[in-house]
Amino acid sequence: MSYLQLSGVEKLFGEHRVIKGIDLAIQQGEFVVFVGPSGCGKSTLLRLIAGLETIDGGSLQLDGRDITHQPSSKRDLAMVFQSYALYPHMSVFENMSFALKLAHVDPAIIKDKVDRAANILNLTNYLQRTPKELSGGQRQRVAIGRAIVRAPKVFLFDEPLSNLDAALRGQTRIEIAKLHRDLGATTIYVTHDQVEAMTLADRVVVLRDGSIEQVGTPLELYDRPANQFVAQFIGTPQMNVVEAAKLPSVTTVAGVQVPALGSIGLRPESITLVQAGQGAVQAKVELIEALGAETLIYVTTQNGAQLVARLNTRTELHVGADVGVHIDADAAHLFDANGRVVAAGAR
Amino acid sequence: MSYLQLSGVEKLFGEHRVIKGIDLAIQQGEFVVFVGPSGCGKSTLLRLIAGLETIDGGSLQLDGRDITHQPSSKRDLAMVFQSYALYPHMSVFENMSFALKLAHVDPAIIKDKVDRAANILNLTNYLQRTPKELSGGQRQRVAIGRAIVRAPKVFLFDEPLSNLDAALRGQTRIEIAKLHRDLGATTIYVTHDQVEAMTLADRVVVLRDGSIEQVGTPLELYDRPANQFVAQFIGTPQMNVVEAAKLPSVTTVAGVQVPALGSIGLRPESITLVQAGQGAVQAKVELIEALGAETLIYVTTQNGAQLVARLNTRTELHVGADVGVHIDADAAHLFDANGRVVAAGAR
Amino acid sequence: MNRFIPRALMAPAVVTLFLWMIVPLVMTIYFSVIRYNLMQPDQSGFIGLENFEYFVTDPSFGTAVMNTLLLLGSVILITVVLGTLIALLIDEPFPGRGLVRILLISPFFVMPTVNALLWKHMMMNPIYGVLAQVWIFFGGTPVDWLTDFPLFSVIIIVSWQWLPFATLIFITSLQSMNREQLEASRMDGANYLQQLRYLYLPHMARSVAVVVMIEMIFLLSVFAEIYTTTGGGPGDASTNVAFLIFKQALLNFDAGVASAGALFAVVLANIAAVFLIRMVGKNLDK
Amino acid sequence: ETELVVATVNNGHMIEMQKLSKNFEQANPDIKLKWVTLEEGVLRQRVTTDIATKGGQFDVMTIGMYETPIWGKKGWLQELKTDAKYDADDILPAMRNGLSVDGKMFAVPFYGESSMLMYRKDLADKAGIKVADKPTWTDIKALAAKIHDPKNGVYGICLRGKPGWGDNMAFLTTLVNTNGGQWFDTSWKPQLESQPWKDSINFYVDLLKNYGPPGSSANSFNEILALYNEGKCGMWIDATIAASFITDPKQSKVADKVAFAQAPTAVTPKGANWLWAWALAIPSGSKKVDAASKFVTWATSKEYIELVAKTNGWAHVPTGTRKSTYANPEFQKAAKFAAAEKAAIDSANPSDSTLPKSPYVGVQFAAIPEFQAIGATVGQEMSAALAGKKSVDAALKASQVAAEREMKKAGYYK
Amino acid sequence: MKASIYTPAYCLRTLVAWLVTLVLFFPLGWLVLTAFKTELQAISVPPLLLFTPTLENFQIVQERSDYMLYAKNSLITSVASTTLGLMLAFPAAYAMAFFKGKYTKDILMWMLSTKMMPAVGALVPVYVMAQTSGLLDTRTGLVIVFTLSNLPIMVWMLYSYLKEIPNEILEASRMDGATLWSEFRYVLLPLTMGGLASTGLLTLVLSWNEAFWSLNLSAAKAGTLATLIASYSSPEGLFWAKLSAASFMAIGPIVVFGWFSQKQLVQGLTFGAVK
């Protein structure tokens, strides 16, 4: 049996059905990431697991025990909040030891545990400071430390990095990954940033409007999205999705006929720009973003389709130039009128 | 003569010399980005130009006029603040028209100008709302709109995107780029996010500790950084910089002998992982980040040097695997003990 | 922006306040060193520190200082503690919360004299007062509040007036309590009392500071309530410094001694201020 | 048109005058009256501050028998000269003396009072005791013991206990006087620790403790009046003015059961009952002396008394000022306390009210500026003694110290 | 949560809250009741809860003293001193909040400390000053005194309020070409309306209830409602009902006003205590 089992979990806010019967099995030690657009219910689902909201339907089992109606203080989970929710008047040490203190753990043991966690998180020198004397990244680490110290059965993270700036976010992401590898703790992580999802997750759960769209490893989702929604949600820059009508040159993908009202999905890396006149389609360069190692080129085809191409080299092109677009139809995805995948190129 | 000319501009806060004699010439229509680590004086420099702080030394000339001691209301510049600084009690329309109203512009003309700006920024439907009824991205656009409407001589932006979430940031970045292309306005843009700097700037000014480290186009900075600081500041993931002693296999770069106490800089894309036993150095895989289109692999060499390699393909490697590292010494940078560039590989 | 403008803007308030303070102060200092009794205009002349000596050696002086501090301390304590409890009680919605708020706030708008008269006559009168009736109803002997517990009675009266103020500020403060912190503590296993101890109270520290500060300003010179109810007695049991000065200024018409007393009160206020504002100021600066 | 600002105390008679003053304004269309009606203590502070700083806010002041001689001597008040029609000789001599300095009248009495015993005839009868017309304190104590019946809500005796020189000290001074004591001896030394004081205060505390209502130390005129009207007091010694209230069936449940006698005496009858008048005066330097004197003479004239009688009945006229009032048969009929009141007033002599010779004027006070403060402090001490917060000796000792300080400060002696 | 909000704890809480409220409000309610009793009913034992209300007391009060004059004085003095106070306090608070100098905090503390001297101590000097300048018993005199004694609190409240306004908004307006006046008129003033309102409300209440100075510096012309009370606590005769009626009339307007404005008042009363 799985470690954490959600069966038909539902949540209503008034009339509004926010979580629509979620079934999900999470294994011990797994790192599961919930992604999805804003308002899709990621936080709510996490809070249901945490016991911060009451579950209106279905059940929740942790380690073989039914915890559907247990108060959160009894569930033995730890949560890291988006705003960190550090106790502002307590020192870092007090913040980290608060739960243990409430549980009447022996002070010597508390000190030991906190020191160990602080060591892991590089917080040893800051134990006496209060949160407002810390930088964003340090606060973040304290919030994590507060969770680690308790050695809970499951770690819950609700967008823990969204308050950090880009540089720090990248750095902390790596720290979290390492931490998970070292501690091997079961972790559920909410984010709407798909880079985080891709790099951290063992499995990614894509949510939309209170239901699960797809569950799988990051690369599964990248390569074999179940529908247009997942396809566009995963990967940056987004997958190019163009109405089939605008790309008449592509007729079959993996042996499947392109449906009339469907659309074709192309990752930026499966588009190559060639000399004007060559390639499947003709286009004009709209914008060039040279990032050093890679270059993103935004083009508009004669049919009005907007495409982004990713290059791993510099380009000689300039805005306004005419180019030909070569399409790697083998790597394309086909969606029907409802956005469901009909076929996907082999990768 | 240049359009905006800074000559030996200085700023003291109490005893603290925050801006240490900046000389910079900005041409009309140019998009200049200031980057640098937190606290290096980016905002201060911008505020000096804006007239929000008094200049303690040097002079400032705009369009041939000395504006060193003019109050900001007379300088004919427009600024977009990090926090947007929208007037919370005014509607979007009023926010955007405020400056014109103060200048006693004819209401009909005001309406016309605001409508045009709103149109460009997709704000037409929100003109009657107040800022708190808008999303972050929309507020951002209003702040920009407020600047556009005035058609000022120079646009100043102080980290305008840092309050937005990742997705929105990418999107707005592209909008700003397009806007600049359409309006052709002289723009000074402060950020500490180097992706923004790379994609937006005609020229990037790298600041450090109140002084200019280097000025150049984004790719100039990427390819020919003047020193280790700039090299590591530009590009993501950071350039690998390894003490020369830890990479004995690299002895000369572009014909220059590697200095004993210097270090070697390698962009992630100039490192290739090969089978164990092959390549210049042997290493162990520490972490793998598969982002779909590209893969980042963090390795530690036998000498203890930490390196990141960027792959444009998937990898079969897993954490802990032994690999050989092939180094493209032709693309390497050489720094002396003080971090100055001694030689750079041709690219 | 040059320095002139802020000064020009501050000037009207600072200058008028300065005059309002300095002119009476200089006059007070002047009066305090001369013989100046309104009833004996024929006696005058410089007498040095005699007025101070007279004021300070008043047999009631020590009691008055003690009573001032006691009144200040108790009212602050009562209003802060009860205010906190009430604020916590009505923090979450319940039927009629709006009305409760309005009723609770009312005493704050009552003028001190009315407040004192109301308590003295209608509540605390040992024969007709409502409290006496309540005591009798429960078979007790009515308490003669103003005689037997004069200072305590004054404390009750003043507290009643200031409780709404404290409650109001605390309610507002509680409403800004960070929900996520509360949730975090729930996950950490804290029960309500522990949340109270470790989260609510520390969160309210700043508002407590504000309440203490404002109340101190007003309570140091409580006068109307004492004058109307106990007249400072029995004996000097409920005489505070302000009342002692009143005795000199308006019963004795000795402006000299009254001025000396007022100066002393200023000193006392400043000691209290230094003591409290420093303590509280830390919280205010956050 | 002249506008007169009249400061007055908010007692019933004054409020009546305020109402009736419309008649005055009609008769004198060039004079307008503005009223400042204040509670006694506040009024005293206000007029004193004003007159002492020459504030000039009031054109007519209501002051008492305490202030008049002091202020008159200082020349702060306008001497009042009246015409024949006003008939100054009709004013009771005790009153006239009390409001004059060296034969010059500085205020005219609006109403006056002394103190007397008001007892419940029904209860005394039931106890089988006949109260003498001039009882002694020993008699009173015995009677109080007899009729004291707290179970049925009747207390033997009610006396003032609320601190204040015009409150408990007014009564206590008469008690001390009749016990042969005084405030100051001829060299202005306070006598608060003398035997008469000790005897009196011990007697008083003892009496009220045994036969008084609870909370006596907070009772003054009003509180006791309310108790008396509810039928809770067997006896009451207080201002004669009370008589008109407790005999008024509209307020009093015992209106038909009260009887009157002179204030009790002990060692000497001297100063056993007090003398007080609320009078109208004009500050010197006033620019509206003519209009003001027109008003004060109107308000204290015989015609005014008749006007009140006509409007409200004879039972409600201001008393204690004029012989003619007491001579009026209608008044005698309406006020059964008239005789007792007149006798009490006549027997009081502010200039000679103590057994040993005293340097001051006043029965229940000493007309010197320092007395207010001394009286207030001593009043507090006595109230503390009554409440049992202090022993009588300690309270008297503290009083003596305070009084000496005050007198020394004022320069009476080194 | 949805299951049943009427848990025992919830009911208990509601009950206790109402109980506490009623106890605390009782004295005031009793005052109002007493105002409608006759004097004998007012002191009856046991106290009457049910009785035939009478308006007699209000008539008496009105007959005896011109209520409208006092009310008018109260209204004029408190409104005028509030307005004047805001005019003085606002610029000062603005300067302190946006041009913070080395001594800003000290000036603020000093201002507050001026409020700690007992008014009685300054009575004689102030009385003499008022008299020499001819301000005794004038509304102008009272307005000046009220304004000055409330000024420190006003400056402090406005300061805490203004401090919360981001400097960047003002800078933005300067960049937009605003002069000091237009910055004030179009940006600062609208943004501080809330703070001004609640500061004004508090000052209004404090001025309305000010008793010491109004009693001592006014006589027949400028007396406010606070002085009206002083004529109803008579040492002769029964007066509770009349006193209650007079008190009711004196505090009625401000209490009702307070009820209506309490939301607004609370917002600014926090002195920046709540972030």
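Chains: A, B, C, D and E, in written order; residue numbering restarts at 1 for each.
Convention: a contact is a pair of C-beta atoms (placed from the backbone, for glycine too) under 8 Å apart; a residue touches a chain by one contact, two chains touch by 3 or more.
Just so we're on the same page, UniProt names per chain: A, B = ABC transporter ATP-binding protein; C = Sugar ABC transporter permease; E = Carbohydrate ABC transporter permease.
Treat the numbers as computed from the prediction; the structure is a model and nothing was measured.
Engineer: Quick check: more C-beta contact pairs at C-E or at B-E?
Structural biologist: Comparing C-E with B-E, the pair joined by more C-beta contacts is C-E.
Engineer: Based on mean C-alpha positions, I'd like to know which chain lies farthest from subunit A.
Structural biologist: That would be chain D.
Engineer: When the C-alpha atoms of subunit B and subunit D are each averaged to a single point, how far apart are the two points in Å?
Structural biologist: Between these chains, centre-to-centre, one finds 92 Å.
Engineer: Cα centroid separation between subunit B and subunit C, in whole Å?
Structural biologist: Chain centres of subunit B and subunit C, defined by C-alpha means, are spaced 57 Å apart.
Engineer: Averaging only over C-alpha atoms, locate the centres of subunit D and subunit E and give their separation in whole Å.
Structural biologist: 39
Engineer: So which stretches of subunit B touch two or more other chains?
Structural biologist: none
Engineer: In subunit E, what residues contact two or more other chains?
Structural biologist: Within subunit E, residues 43, 45, 123-124, 128, 230, 233 contact more than one other chain.
Engineer: Which subunit C residues reach two or more other chains?
Structural biologist: In subunit C, residues 38, 127-128, 250 touch at least two other chains, as defined above.
Engineer: For a test of understanding, state which residues of subunit D touch subunit C in their complex under the given definition.
Structural biologist: Those in contact with subunit C are residues 45, 48-49, 52-53, 70, 74, 162-164, 213-215, 217-218, 223, 226-227, 369-370, 372-373, 376-377, 379-381, 383-384, 386-387, 389-390, 395, 398, 401-402, 405-406, 409-411.
Engineer: Contact residues on subunit C for subunit D in the complex?
Structural biologist: 37-41, 43, 54, 57-59, 125-128, 141-142, 144, 146-148, 231-237, 247-248, 250-254, 257
Engineer: Hey, which residues of subunit A end up touching subunit C in the complex?
Structural biologist: 50-52, 71-74, 77-79, 81-83, 85-90, 98-99, 102-103, 146, 150
Engineer: Taking the touch rule as given, give the residues of subunit C at its contact with subunit A in the complex, in rising order.
Structural biologist: 178, 180-181, 183-191, 194, 198-199, 202-203, 205
Engineer: In their shared complex, at which residues does subunit B touch subunit A?
Structural biologist: Within the complex, subunit B contacts subunit A at residues 162, 165-167, 170, 174, 177-178, 181, 192-193, 195, 198-199, 218-219, 222, 234-237, 267-269, 287, 289-294, 298, 310, 312, 314, 319.
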